[in-house]
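Per-chain residue numbering starts at 1, and chain names A, B, C, D and E are given in the order in which the chains are listed.
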Amino acid sequence: TLVLSACTGGSGASGAGDTSGNQLLTIPREDLATFTRNFNPLSPQAAPMTLQAVYEPLAVHSMADAKDTPWLATKWEQAKDGKSLTFTLRDGVKWSDGQALTADDVVYTFQLQKKVLGGFDYLDKVTAVDAHTVKFSFNKAFSPAFYEISGHYILPKHIWSKVKDPAKFTNPNPVGTGPYTKIEKFQSQSYELLKNPDYWQPAKQHIAGIQMLAFSGNDSANLAFTNGEVDWTQSFIPDIEKSFVAKDKKHNHYWFPATGAMINWQLNTTKAPFNDPAVRKALSMAVDRDQITAVAMNGYAEPADCTGLARTYDKWRDTSLAASCTWTKYDTDATAKALDAAGYKESGGKRKLKNGKDFTLDISVGSASSDWISVANIIKQDLAKVGITATVKTPDWSAVSASYNTGTFDTGIVWSNNGATPYEYFRGVMSTKMLQPVGKQATEDYHRFGDKKADKLIDAFAAAADESAQRKQIDGLQELYNEDAPVVPLFTGPEWGAYTDARFTGWPTEKNPYATLGNRNGSTILVLTSLKPVKG
Amino acid sequence: MRLILRNLGFYLLAFWASITLNFVLPRFMPGDPVSRMFAQAQGTMQPDQIAQLRKLFGLDNRPLWEQYVSYVKSVLTGDLGISISRFPTPVSEVIGSQIGWTLLLGGVALVIAAVLGNVLGIVAAWRRGGVLDSVFPPLLIFVGSFPYFWLAMGALYLFGVSLGWFPLRHAYDVGLTPGFNGEFVSNVATHLVLPALTIVLVSVGGWMLGMRNTMIATAAEDYITMAEAKGLSPSRIMFRYAARNALLPSVTNFGMALGFVVGGALLTEVVFAYPGIGYQLLMAVQGLDYPLMQGIFLTITAAVLLANFLVDLVYVRLDPRVRVR
Amino acid sequence: MEPVLQVSGLRVEYRGDGRTVIGADDVSFSIGTGEVFGLAGESGCGKSTIANAVMRLLKPPAEITAGAIRFQGRDVLALDERELRAFRWREIAMVFQSAMNSLNPVLTIGEQIGDIFTTHEKLRKRAARVRAGELLELVGIDPGRLKAYPHQLSGGMRQRVVIAMAVALKPRLLIMDEPTTALDVVVQQEIMAQIRDLQRELGFSILFITHDMSLMVELSDRMGVMYGGRIVELADAKELFAKPLHPYTEALMNAFPPLTGPRRELTGLFDAPRTADSCGFHLSCPEDRSDCSMNIPDLREIGPGRWVARSAEGGSPR
Amino acid sequence: MTEPLLSVRGLTKTFQVGTVFSRRRVRAVNDVSFDLPAGRITALVGESGSGKSTIARCLARLEQPSAGQVLLDGVDILRTERRWASRAYRRKVQMVFQDPFGSLNPVHRVEHFLTRALVVHGRPATREALRELMTTVGLTEDMLQSYPHELSGGQRQRVAVARALAVEPRLILADEPTSMLDVSVRVGVLNLMRRLRDERDIAMLYITHDLGSARYLADTTMVMFAGELVEGGDALAVMDAPAHPYTRLLLSAVPDPERTGDYDPVERARLREAILNPTSCPYGDDGTCSRTDPVRHILGEDEGEPHWVRCHLRAPASDIARRVLKATDRPDGEATDTSEKAETTAA
Amino acid sequence: MTAVDIETTGTAAPATQARAARRRGLLRQLVDNRKALTGLTLLALFALVALLAPVLAPGDPSFINSTGSQAPSAAHWLGTTAKGQDVLALSLWGARSSLFVGFTVGLAATAVAIVVGLASAYFGRIVDDALTLVTNIFLLLPGLPLLIILAAFLPPGTSTVILVLVVTGWAGSARVLRAQAKSIRGKDFVAAAVVTGERPLRIMFREIMPNMASVVMTTLLGCVMFGIGAQAGLEFLGLGDSSVVSWGTNLYWASNDGALMTGAWWAFLPSGLCIALVAFALALVNYAVDEITNPRLRSRRARRQRRG
């Protein structure tokens, strides 16, 4: 068979080079070696594209340009007191089985969500005002609710109300309002999503369908991508200029907008030297963020400043504060001075704690996050310059997050919340509301820092009705952040995304940032409805 | 018959032991799948969903022995639970859709390696000091010294990427509908070449050397001298007398090798994005998907045990001496 | 009378890494038609080496470095591979030292006997099986046992199977290398009786090898006693038993306490290895033991058919 | 007669073969009783697999007997030391094995074996003690530094005897000590054993296939067949007037150049066939043996040693048996005379 | 994994030849054997490299300083990784962890195997049944999957890797050693030692074990090979301790940094080659031990002609 197969072998995926106009948009999943036919959006393990191409939300928020695009709802209105929100549904939207979308579907969706998965504590009641209007009532003024509700997928009541156990329903042939709902050729390593014949904006169904491919890891997915066998990837590609762009400068592109969450080096503030903001700031100055973003993150990330805000929130940033940042600038001498001043003197090349012991610390990172391990290693090198011995610990993520949850860790590289506004971020790093004593399970604020002053600002932000009112709170929070240094902000996580426009055009770019290049987030639908096949 | 029963007894005991091990192991792991999933989602998940998810996944807090009893019970009734990382797909379904590929890859590689290795070994022992005998053993040892994954990656880049002779991934071309037709079968075969090749390369040396050495040992037995004295032709002595006996240890090794092959297949599956339960297991472990992990481990164990049992049966056919004992 | 087998001046060396062991040295004897020739001697003195040399079964590192083996006038050492295959078993057959190991454990005895006929007489399988059955009957085993595997038979039965195989082609000479050492005395006697019956019937000559003197004297017509790779005494069996001339032969004869008569004290015999300061039954042995056999004097005929290794000056070796 | 050093009563050994899942029982020794008096050599002869070695291994406590008593100086040691033999017992009872190469660990020097035997039992391993041991068994002192493979078979066996002697035992169990030796050196070892018995008043159990050597060496001879003792008595008496069919078979099978042509193989085969029948020895057509266990008959006495046989053929009541005996053997009047003293052993 | 196949065939050599081997000393003979000499030289070389790594490549080999993988040059003989680490330094330092883990695993697994094998053979019966059952179960349990599960639940670190590899690696050796020990247990010299009054432990380790030297050696080498290979496999999968510099982690990082994809073959090649060379060296020695204890296996240049 060896000789025989040598001749027939060759091109892998079917689509490469196909420009018939009917080509499928091929997307790899590097994190799923195999697919299971589960299109239940309630399941955390729903098959890819369930939430991107099959089911749709009321409105689409793009992190790239921070814009909200009306989708299943055409408009919405917040009550004056901020305690309710009313959506008006689009006319003429049909489920893929031909039935019309009604307000009942929306009401049912949220009922089901609360029943099966919980959440939405602030949500008092969802009512269908009429067939096209839905009203969400809250138990308090809560402006971030808009993003949660508008971004939530909507399910057809007439299907789901008949399902006995919605949590365990695999929904093999989904009925949704999305552009591509027809599942074809489902196999363990690939499947196709074809056009929804009843789509409400048929003019935007330019492409014939989507083809998903399963890969066993970044390596094999990237290989397919750099070989031109898939169109759009979101996996981390090392040295993308060389390994991808250089192969076909004309068609191969990437764009890594800094729309991800802020990645922090968190110090457990319940432990001795780290409870001192001066120490935290001193350590922060020891970190060479430029090297981290350049080497560990392959130059794809943006260094953080002392406002703590990710680049996503640029419009919220207090630029004058940002310009005068001190403790996020790399300055080993300053670190040494600051530590000396705080009482952590160096002797014999080793920095000492106040009790005379060596200043040492552990940095824990989940073993799967190789890029963050490199980040930790650079921090370790940087700390060595000021006489601090750091040890990088890389157990499995589950062990790491267990130590975060209970507050038993020393320091660690951690993600942060990434909402439409900085609300979630500041709540996560500074609010006392989220604060749990060591030993109790915490779900955010692992570093266990809380500032009552921050609470006030955060609550005021949630209750504020408009952006101008919120701006003040955010400015206050930034100043507080600069003072407290609750965590050591490192860089804004980039949103990976690369594509080849050999077979499809219309991709979001830096110049046209209508969405990010992620293919599994809320704005993916915008890309799916913008791409056009290359013909001929 | 008694022998078969005795073996069966052993295998059942071994199976029980692996069920127990299987039950015990994951329970020592730190963390639980839900917080793991939460950590993985990196902030995109609602914290208050955690308790709900726990309920959803049915992680129970009953006393251990109760869990054990019900675990054994459900395993024996073929219910391996519901996968967490592929919720709500039953574990048996996940495994069912994958195991065929592992068996195909592992089986093909094992059979080729064993047959090729044994034949080479026989010939090498037969022509002592010949080219085959002096060149192959060190060469194959050397090739076999490379880590599976290293050879796999090397082969992938050399034959797949640079030369483009073989497909780079998957068990068959995307878009092909599985079926028993020439196109599909040859497609599957093409995809099998590289992954199987690496496993064969790594393991064939062991088979060859083993066979060569037992052949040489066997050739010194009195019954071989007797056969020579009887004036039988050399080939008859070689195959009917020597090889037949020298093959016996290989048969036992064959059963044992299955376990290794699954391991080897796991690494190759990762490199070639080949479907299979080996890689699935790695994912399950990383996602703390107890039920899937247990299910896969149990399935592999059961398969290895079953294969060994079958090998034992074959052995009984091949070696009349064990029949009466 | 033309002897069936004539061995003259045979020397076999085992060439190991660096050192060479002499397995047999200057061995000469002949076997007449229908004669039973016995070869006795202690373990390792070279009996099997001679048997294997006659069958041309020696494998490296063994090498025949001198001497000639003639079988019915043919030069055995000159046979090529193909001639050898035809020669073996048809002309000379052999019963090996241990029957346990000389049968292939994974083939039925029927197949193993049948092999002989399919190879040498080009019989079909079925015919070969019939012949095999007849052979088994000849040695008193139920032909139904053809389907049995070796391990399913007792030691005695296995030995009989091997004997049956040996006489299958009615060879002129049968070599029996300690055919009964591993067996019970009772079984041993039965086997020996059987061999004698067969010999009476088929008329072949026997080269009989053992270290059990009484057994040998009982069975053979003529016998040679070997020591250190050499034959030290060669004579008619009864005569040799009655009047051993070489001290080693005497020692051997003396080593068996009698079953009848009064108890008399047997003298302990020489009990030092050839490695130490003496080589045993001959003179002026140097330190180097590889030379031991060299110091055994050549055989001298001291009477008709009566040979003994003794220095020319006469008198017994010290 | 003096109190025996060691008495064996009703010794039975059943082996379990196979693994947990398929146990099969093999009865190797069945209800055997005998005495081993000090200063006497007792020979145990019998066919291969009849259980001779098993008895020796039971007495050496290498195997645990399934039933019975082993009385050493009147104390049942199976009761006092249940699982493992004490060193005190080992000190009194030593063993010499069949294969002198196999019984000497090839990685140690001769000195090691003797030293260990002395040291384990709390004796100082002085040069003096070692030299004395070596000379006792007829070896030279310089051989202490040799490895076993540098010695001849006879010398090795002498080392094995020296090792046994080192602890100054009162009983030596010798399991075919000469069968692996070259014929030319056998007598030397036999003579050594005889000397030890005479000089040191040691009791010996001499196990052998070789009836000639048993006759040569032993004071008492016992014949074993299929796990049971079938005949016993003064060595010469048993050999010269064998009473049990098996003993006769055995004797007739020994090659003896002086007796050439004396035996009839056909008759012997018949005898053997009959004896090997599964139920003891139904040598006769009434099948008594298949119904009842044979009993012990005392045939005569020689130097205070009763000659006994365990066989129906010797029972006075059995006419058939007498007829059979007449038909197959040399006429033998005296046996039936003493049959009145027949005693029944515990079944 | 090939090791297992090789070692099970190292069947008991005829006693005389084993004796001959002992007489001349196993080590001396190894030095005389060409294969063994090659293997031992290679091993010594690697051991030397491991010991001298701090001298040959001073400083932290994993020091991250710049981007860009540079091809081999005068400054960096084997080039640099994507993080600017010197590949040569990484390979040199990697020898330390890999060899340490390999040999520790080998020694520990062999020790366990010896104890189990000896106890099993010496005590027999229930002990043997139980230990054999356990051994067989461990032998049949698929190794790598078990390894992955174990490695995942224990905290990372060299000691975990060692522990896990010992747990999954001893059974094969135990089976071989048990078989060998059992055949020695049946020898009369063991019975003789019992009769002399020796205690079990002494018999096991002073009487039985010295007779198994060559089998112990082959299993030891096999275990070392297994240890090195399996450690690399684990680390490649990211289940080892990625902060340690070893050949396995080097490959892990190389693959993570897409070394092959970006054409940086120099980051990928050396560590794999090192693993293979060490394993090859061990296999050669193993092969030679087989040959020495069983001289029949020696390859002859040409079959010597029989006289004809």
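Basically, a contact is a pair of C-beta atoms (placed from the backbone, for glycine too) under 8 Å apart; a residue touches a chain by one contact, two chains touch by 3 or more.
Keep in mind that this is a model prediction, so the values were computed, not measured.
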Touching chain A and also chain E, the following chains: B
Of all other chains, the one whose Cα centre sits farthest from chain C: A
Inter-chain centre distance, chain C versus chain D - centres from mean C-alpha coordinates, in Å: 32
Separation of chain B from chain D, taking each centre as the mean of its C-alpha atoms, in whole Å: 55
For chain B paired with chain E, centre-to-centre distance based on mean C-alpha positions, whole Å: 22
Gap in Å, rounded to a whole number, between the CA centres of chain C and chain A: 90
Two or more partner chains touched - positions in chain C: none
Residues within chain D bordering two or more other chains: 19-20
Shared-contact residues (touching 2 or more other chains) in chain A: 219, 223, 368, 395-396, 399
Chain B to chain E touching residues, read off their complex: 10, 13-14, 17-18, 21, 25-26, 28-30, 128-129, 133-134, 137-138, 141-142, 144-150, 153-154, 157, 202-203, 205-207, 209-210, 212-214, 216-217, 220, 249, 253, 256-257, 259-260, 262-264, 266-267, 270, 278, 281-282, 285-286, 293, 296-297, 300-301, 304-305, 308
Chain E to chain D touching residues, read off their complex: 15, 19, 22-23, 129, 187-189, 191-198, 207, 210-211
Interfacial residue positions of chain E with respect to chain A in the complex: 60, 62-67, 69, 82-84, 152, 155-156, 238-239, 241-243, 252-253, 255-258, 261-263
In the complex, chain D residues that touch chain C: 47-48, 138, 150-152, 154-155, 182-188, 190-192, 209, 211-213, 215-217, 236, 239-240, 249-258, 260, 263, 265, 268-269, 272
Contact set on chain B toward chain A in their complex: 29-33, 35-53, 56, 82-83, 85-89, 93-94, 97-98, 156, 161, 164-171, 173-175, 177-178, 186-187, 189-190, 193, 269-275, 279-280, 283, 286, 288
